[in-house]
Structures are given as C-alpha cells and as structure tokens.
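Note that the chains take the letters A, B, C and D in the order they are written out, and that residue 1 is the start of every chain.
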C-alpha cells in the first residue's frame, strides 16, 4: 500500500478538512463534525433531503450535497455506516418545516443507524420518511429484492428526490418519485482489482490478475462469478443482460445510463465501455435520454465499473433534467 | 494488467466513440476522426482556441472542449503527440476570422507537430500563434526554463485563454493572458505507482512499493528523487517548497490551486492532501482565490498527485472566474 | 444467602468493560483481519474509550452508566457495532433502572433485556458466526442456572463458560453474516471477532459483578 | 560506368521500405520495450502500412512516392516519429523532384537533403542513442565514398555498413534523448529502437536502388 494520507485512523477527519476549505458552500454541523450540509439552505418550507453512508466512495456521499440534490449528509468511517446520531443531526439541519426524506442505500449498518435515528427524530416530533436504494441486481435474486444492496443507482434517487424537493413537492411527493427512481433502476458492477483500507494496510479480498468479479459490491461484497477478464464489449453485454433480464425497460419512455468507475479505472476506459453500452441499448430498442460517465461512486482505488440504468416516464425525465450543483454532479440550464 | 478495453491498438478510436455518443455537444471533424470540437461554435469572429496532446490523460485534453474553454482539440495516441495534420485540421475548424491561439504543452513530439501544422496553416493564410506551457518545475532548472514540461498548469492556460476569447479579446490579447497564465504558474507532481499502456502490457517504469517519485512527469518521465513515501502533510510541504522556491507568489494578489489526481488515487486522498496545501499556503501568507481538487489531468491508472499554483492579478482573477462548461470543468454564474 | 451487588456503582463496572476492550484493541483487529476487514478492535476501542472519558470522575447508577456506554457507542462508532452493542446495552439499562440492588433475578432480566433489544435490530442467531454465538448461550446459561436456584456466583461462572464455549464454537462455523460471509467455506478455522469481543465483555461483566457481591 | 536508376519507379522502391518496416513490427517494438515504451514497431508499421495502401496499383516518381510516405507518416503516426521520419522523407523528396534518373550524385544530395530537413526539427546527434546514430554516419559514408569517385554500388554498400555500425554503436551508449533517457546508465547494453528502424530503412533503400542500377 502506497497512499497520500497522514494518519490511517483519521482519514475521514482529514478529508473533511480539505473538503470544507475547498468548498465554502459546504458546512460542518457545529456540534457534529460528521454532518456536512449545504451552507445556503433557505428556510423555505421545502422537504429536506438527507443521505449518509460510509466514506471511501467519494464523491459519494458528501459530493452530492448542493442545490437540486442533497441538503445534508451523515459521514461514516471508511466503508462503515455513519452513527445514528449523525443521521439524526442531519435530519435536524435539513428540516425546514416540510419533513425529511432520508434517501440511503440498503446496508445492514445504515439500516440500523437510520432506524435508531428515526426513533430519536420521532421523539422530537420530526417527520422522517425513507427510501432505501436496492438497485444492485447481483446482490440477491428477484424474489429477495428487498435484500439487494444500493449502489450507484442511489445517485438517481438523490437527483430525482432533490429536484422534486427544489420544485416544491411535498414529502409524499418526494418519497414517491425517489421510490420510483429506485424501483425503475437496476445496477451491476464488475471488479478488476481489490482495494485497501489504509488502516488495514492490505486488501481484505482478492481478485486474481486477469480475472474479473461480476456483481461485486462497493465494499468487495462477493459477486456472482469470477471469470477471465473479457473485452469491454462482452463485459457490457454480460452486465446489461443481467439488468435487462431483471426488469423490462421497454415499458419506459427512455432510459438514463450511469457508468461509474470504481476509482482506479482510467476515464478513457469508462468511455470505451460506455460506447458498447450505448450500442447494445440501441440494438435492443432503448433510447438513452441522458448519460453520466465518470467516477461518480467509487470504492477507494478499486479497478472496475458499475452500470446503472434508470427507466424514465415524463415526470422522471423532467426531474432528471433539472439543474443541480455539487462536487460530484453539476448540471446547467 | 487487467483493464476495460476491446483492442489495445484501438483504445483512442473506441474512447472517441464513447465520448461522442455521450456528449452530443462535441463533434468529430468530418475528414479527421482525431479532431474533436465544440459543436456549437458560433461564427462570431472570436479567437479560436486549439490544443492537443496524447491520450491517456483524460479528461485532458478533449474534456476541456466547451464554452469558455477550448474550441477544438487534436487527439493523439496514448502518451503520444497528435499528428501535424490533426493540429492543422483543428486550426481550420476553430478559425472564425480572428486567428488561432494554439495552447499546448512542451513536449518534443507536440512541438514538432505543431511546428509542421503551422507551416501548413501559413500556406493557407491562417494566423496561428502559440503558447507553450512549461509549468513543471521538476523537469529542468530555472536557467533551462524553456525545457520544462507542461503539466496540469495547462488547464489554467486553457481556462484563461478560453475566457479571454469568449470575452472578445483579440489574438494578441488571448496570447498575452494565456502566456501570463503560464508564466505565473508552477507545478510539480509525485508518483506512487507506475501505469501501464495497454498495448505494451506492462509498466515501462517502476516505482517501488512504499516509495514515491517526486517530480515525475505525466508519462513517467524521471523525477528529481525517489524517497520513502511520506505523510500527506510532508509531501505537500516538500512539493510546495519546490514551487515557492521557483517563483515568488507574494507579488500576486492571490493564488489559484489545482490538485489533480494521476488516475488511481482516491478523491478522498486528494482532499486530505489539499487540506495540507491550504494550511501551508496560509502559513506563508498566500490567499487562495479558488481551488480545484479532483482528477483533472491524469496518467492512465498511475497513483499520485500534481500540485499547480497560479499567481493572480486582477485580470487573471476575473478570467478564471468566468463560467465554462466541459466534461472536465464546469463553472457556473 | 440471596447474593446481590449495588446498583449505584455503575461507573466503575462499566469502566472495567472499557478497560478490557481498550486493552484488546490490537487483538480484536487481528482476529477480524483473518476473515473480516481488520478493524473490529479499532471500532470497538473507539466507542469504549469515548465512554471511558465520559465516565471519568463520575458516580453513576448501573443504568446511567449503561446509558453512557450506549450513547458513546451510538455516537462514536456507527457501522454495525454501534447500533448492535448500543442496543444490547440500552436493553440492559432499561431492566435495571431504579434498582438499588442487583440480584440474580434482576441480572437475568438485564441479560435477557439486552438480548431482546439486540434482536430488535439483528436477525442473526446461533450458528451465523457472529457475536450471537457467544451472547445467546451465555444469557441462556445464566437463566438456566438461576432457574435451578444456583447461587449468583455459580450462575456467573456458568455464563462465562457458555460465552467462551460459544466464542470457540465460531471456529468451526461458516460465516453467514457480515463481511466474512464473502469467504464461504474459507471462513472456517478462525474465530469470529464479534464473538471474541462479546465474550470479553460478558466475562469482565461477570468478574466485576462477582467482585462486588455481598449477601 | 556512371551508374543510375530510374526516378520513375518510386512506388515500388517505397513499397520495399513499407515491406521491411511492416515485417519488423514486432521486432522493433521488442527493441523499444527494453528501454522505451515498446511501441516503436506499432507506430512505424501504422504509418508505413498506411503508405503501402496508398501506393497500391499506382505509378509514381520517386519524389511523388516519398511525398506519399511523408504524408502517411505525418497524418498517420503523430508522436515524434511522424515529424522526424516525415521530415527525413520530405527532405529527400525535395532533392529528387523532376529527376528522370538518379545517379550517385543525386542520391548523395537526396540523403543529405533528408538529414538537413530532419535536423530542422531535431537537435539530436551522434552519441545521443537515437536514430541519428545510424543516419548521420550512413549519409556521411555515402558522401565520402562518392567524393572518392567510388562506384554507386560500392558507395551503397559502405552506406549500409556505416548504418549497421551506427546502429550497433547505440548498444554502448547512454540515452540522452526520448523516453530511454529516464533510465540513465540503465539504458546501456541494448540497441536503440529508432537506430534499428533507421538502419532497416537505409539498408532496404540501398538494396532497392542497387537492384535497379544500370549503366
């Protein structure tokens, strides 16, 4: 391991220092350094959007705080859920009289901490509702869909939910469209190399060189199969097959595609991969309304890529096109 | 090597396919696939901004084509200059009656190809002037400043030159400010792991694990020294020392800082590093007007970081703050 | 003959738990490193040390001290350990609120209360290769000993034995929960980190209680 | 006695150069791989193969065929090799424009013209461990032989010998230019890829010319 850090036990503290000096539009909660929020939140009666998750996935999660996206985020240790207190504090900060939509990913730790945070919130009279992203088709079969992990599709949930809140949707409305974004999204990842948590000092899983792990999770959770690394075209086809077998996207008006690198894959390769995805979607009669190609949701320095496809109706199309501004995603006009 | 590609000899072609379908705002020249330009170039008598360079540095170079930045880019093979013909074709496309500013980096191949392209341009009556970025302090001593390589500081040159052209500066003016951006910028990089050109299949230089190479170039050109990897704080200090020893930034109103990952370094670590840079600059009485932290100019999947500092006067400050939109950099308001 | 310990001495009992976890920081991480991500000691010590600081120089009832520990875990760790151990200790605290004296009857209710509260948020059970493999048999052993009218001291000893046996049983289990489940059969042959920390906690709790027993 | 070859047979002469470079694609990359980035064969073959396609079925003068090669290199390779070899061949072409017959005198001017044009864009010289180590001695050897009134055939043989000696000399040189200069002393002991390709080109050019000589 060879990394740019000071103290492996203080990675998150030091990262936050950098993020906060680099981005004056973000603030740390006064009494909880693990809560970061949009410094320019207007007290305007809109629904507050909160998320949270482990660190090491940057720009997720804190990179999606900003206008048209998330209002406040709870920040966890590397690959580890934020505390219940941090989720709770994020709720309090994001609350502007219209309730809180907590939009997060389906992991044991996050589920438990959000559950506890909601108990705290209830005792303070805060109205909090959740949408739990479970877009990773590789993480459980269709009959166990509620067990599936949330991966890069969470970004769609934030984008759609954030746009709805910005447009003045009420809490029911925000939850409805964020849930729709999750329901109409499917993702799958492939890993080509493991990653190393600096405090641990060595990878805690292995992918043999020349092999790829299909369906790997964002923390190295086991995938479906480990096979010899294939061409980008074959990889794209195999991954898209899983996604399209799991949900019929021909019922939608069009689709949004998100291709995210896992950290160490060159951007050049993400575009090589995207060219194949686009071709395959067209072959199957699906129209791409919009696409995102880049490092949107990473796993430290893992090599690999995730593919997410979101089916659109008129409402989601209009929301996905709204402007937003944040470290991870800026959309104009 | 374990990568997401189809054919190691056709990486650039396949990447361009992906870029072009993903970004309809970019177009490929009809008769030269290795020229990519802003599809919405108005015929408005502004100075045309052209750059070009080898591939593998994404989002550089083609990711900086867009309003407020570069108009047309010549695309080379991996780590290899574009052809003279591509530079020439980019000139022709970007020409809108006010001449061409070709803003590129100081590498033997690029120098030769631009020189030949300018001969072709002269024979067609095109007015082309150049600014050659040489911001890498590690690549030659001050007395040989003209031998220095261009690295991430090129982005400042494009941003400043592009903003000036958008504001209607004439060719003299654009060249003047772009040259000022180069003259007032210093950069240095550190490498923590080598990278592999897929067609070659193995790294063509080595950095021992646990060591870092200070002053390494964007293609693995030799640095100043190879030392045991230090803390982010010490790394930042060492790198900043080289930069500040080379030019007196206290004469400027303020500085802009760009911290770019080389490809595989997690964004988390770039922020950890930036926190140290910011602290050190403040300690030395320098004020940061604006900063950029991310993967702005990479070297395939190399681990490491480059630090660039630009000294601002009122003119440069106003130009750096102008809006722009591109794959690599979007700035609003 | 009916042994008990004072319910007002909470700070020092919980300080004992802090001590044992902080002292085993490296060991717990080492155990976690074999089939997990090697941070269990780091995570646990972080939360427990935080509690240790909060307890310093304070006189607290057992319920209050357990509340402090819960808060420290829930505010300090996050991940899964914060809510899991947090739920365990809050569930315990709820059973001893207002108790001046803790006898075996109350101690049994405290243990069961902790387990029930934990089961509110975790579906895991014996055989999953997790902290439940130490906790559940230990709670049951104490309850059974107590229902047989065994002395408090003896029931504590049986609880400790069951916790240690449960911990050791994880060596021959395939992980069905958490990170280690990635490894399938390869998770065989080593202890589960959570079971080790849980056994440390229960053992020290028993020793602390025993040292304070009076008739 | 005054040997010469026809200046109208350019396409077939340049096709010979294409053939030798394409045939040595792997070898050149292998040589570059030792101390460079292993792509010299790929780069060269790309440009030369492109020229081969453009020449197919065409009748061109030597000047026209050299122009085609230049264009293919400049449009097809980029990097440093495009402009360097491109400059070499355009410089050669300029010296044989309109020549119906190429005798040793014209051939010498052609070689020198190529070198001069190349030196317009490269400061490298003998000893830098690059293609100049083969090219410069070869050009000089031909000129000297010719100035001694040696026969064209014999002058070509001396040129080939000098090119090969120059190529071999790079084995004992430390690279001062290009990627290999990264390695310093470690660049010793292996040939320079550009010197190898340059020697291949000059040798084949000499053989092609010789095969066509008539008095």
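Note that a residue touches a chain if its C-beta (ideal position, glycine included) is under 8 Å from a C-beta of that chain, and two chains touch if they have at least 3 such contacts.
Here the structure is a predicted model, which is why all the values come from computation and not from measurement.
Trainee: Among the other chains, which touch subunit A and subunit C together?
Mentor: none
Trainee: Using each chain's Cα centroid, which is most distant from the centroid of subunit A?
Mentor: D
Trainee: Counting in whole Å, what is the centre-to-centre distance of subunit A and subunit D, each centre being its mean C-alpha position?
Mentor: Taking the mean C-alpha position of each chain, the two centres sit 56 Å apart.
Trainee: Hey, how far is the Cα centre of subunit B from the one of subunit D, in Å?
Mentor: 34
Trainee: Calculate how many whole Å lie between the centre of subunit A and the centre of subunit B, each centre taken as the average of the chain's C-alpha atoms.
Mentor: Going by mean C-alpha positions, subunit A sits 29 Å from subunit B.
Trainee: Which residues of subunit C are in contact with two or more other chains?
Mentor: Answer for subunit C, listing residues that touch two or more other chains: there are none.
Trainee: Two or more other chains in contact with one residue: find those residues in subunit B.
Mentor: Subunit B, residues with two or more chain partners: not present.
Trainee: What is the shape of the graph in which nodes denote protein chains and edges denote touching chain pairs (line, ring, star, complete, other)?
Mentor: Drawn as a graph, the chains make an open path, so a line.
Trainee: Write out all the pairs of touching chains, ordered by chain label.
Mentor: A-B, A-C, B-D
Trainee: Quick one: in the complex, what on subunit C touches subunit A?
Mentor: Touching subunit A from subunit C are residues 33, 36-39, 42-43, 74-80, 82-84, 86-87, 121-122, 178-179, 181-182, 184.
Trainee: Touching subunit B in the complex: which residues of subunit A?
Mentor: Residue positions touching the partner: 1-7, 11, 14-19, 21-22, 55-56, 58-59, 63, 192-193, 207, 209-212, 229, 231-233, 235, 263-276, 278, 291, 293-295, 298, 300-301, 303-305, 325, 327, 330, 332.
Trainee: Can you list the subunit B residues touching subunit D in their complex?
Mentor: 9, 54, 76-77, 79-86, 108-109, 112-113, 115-116, 197, 199-201, 204-205, 219-222
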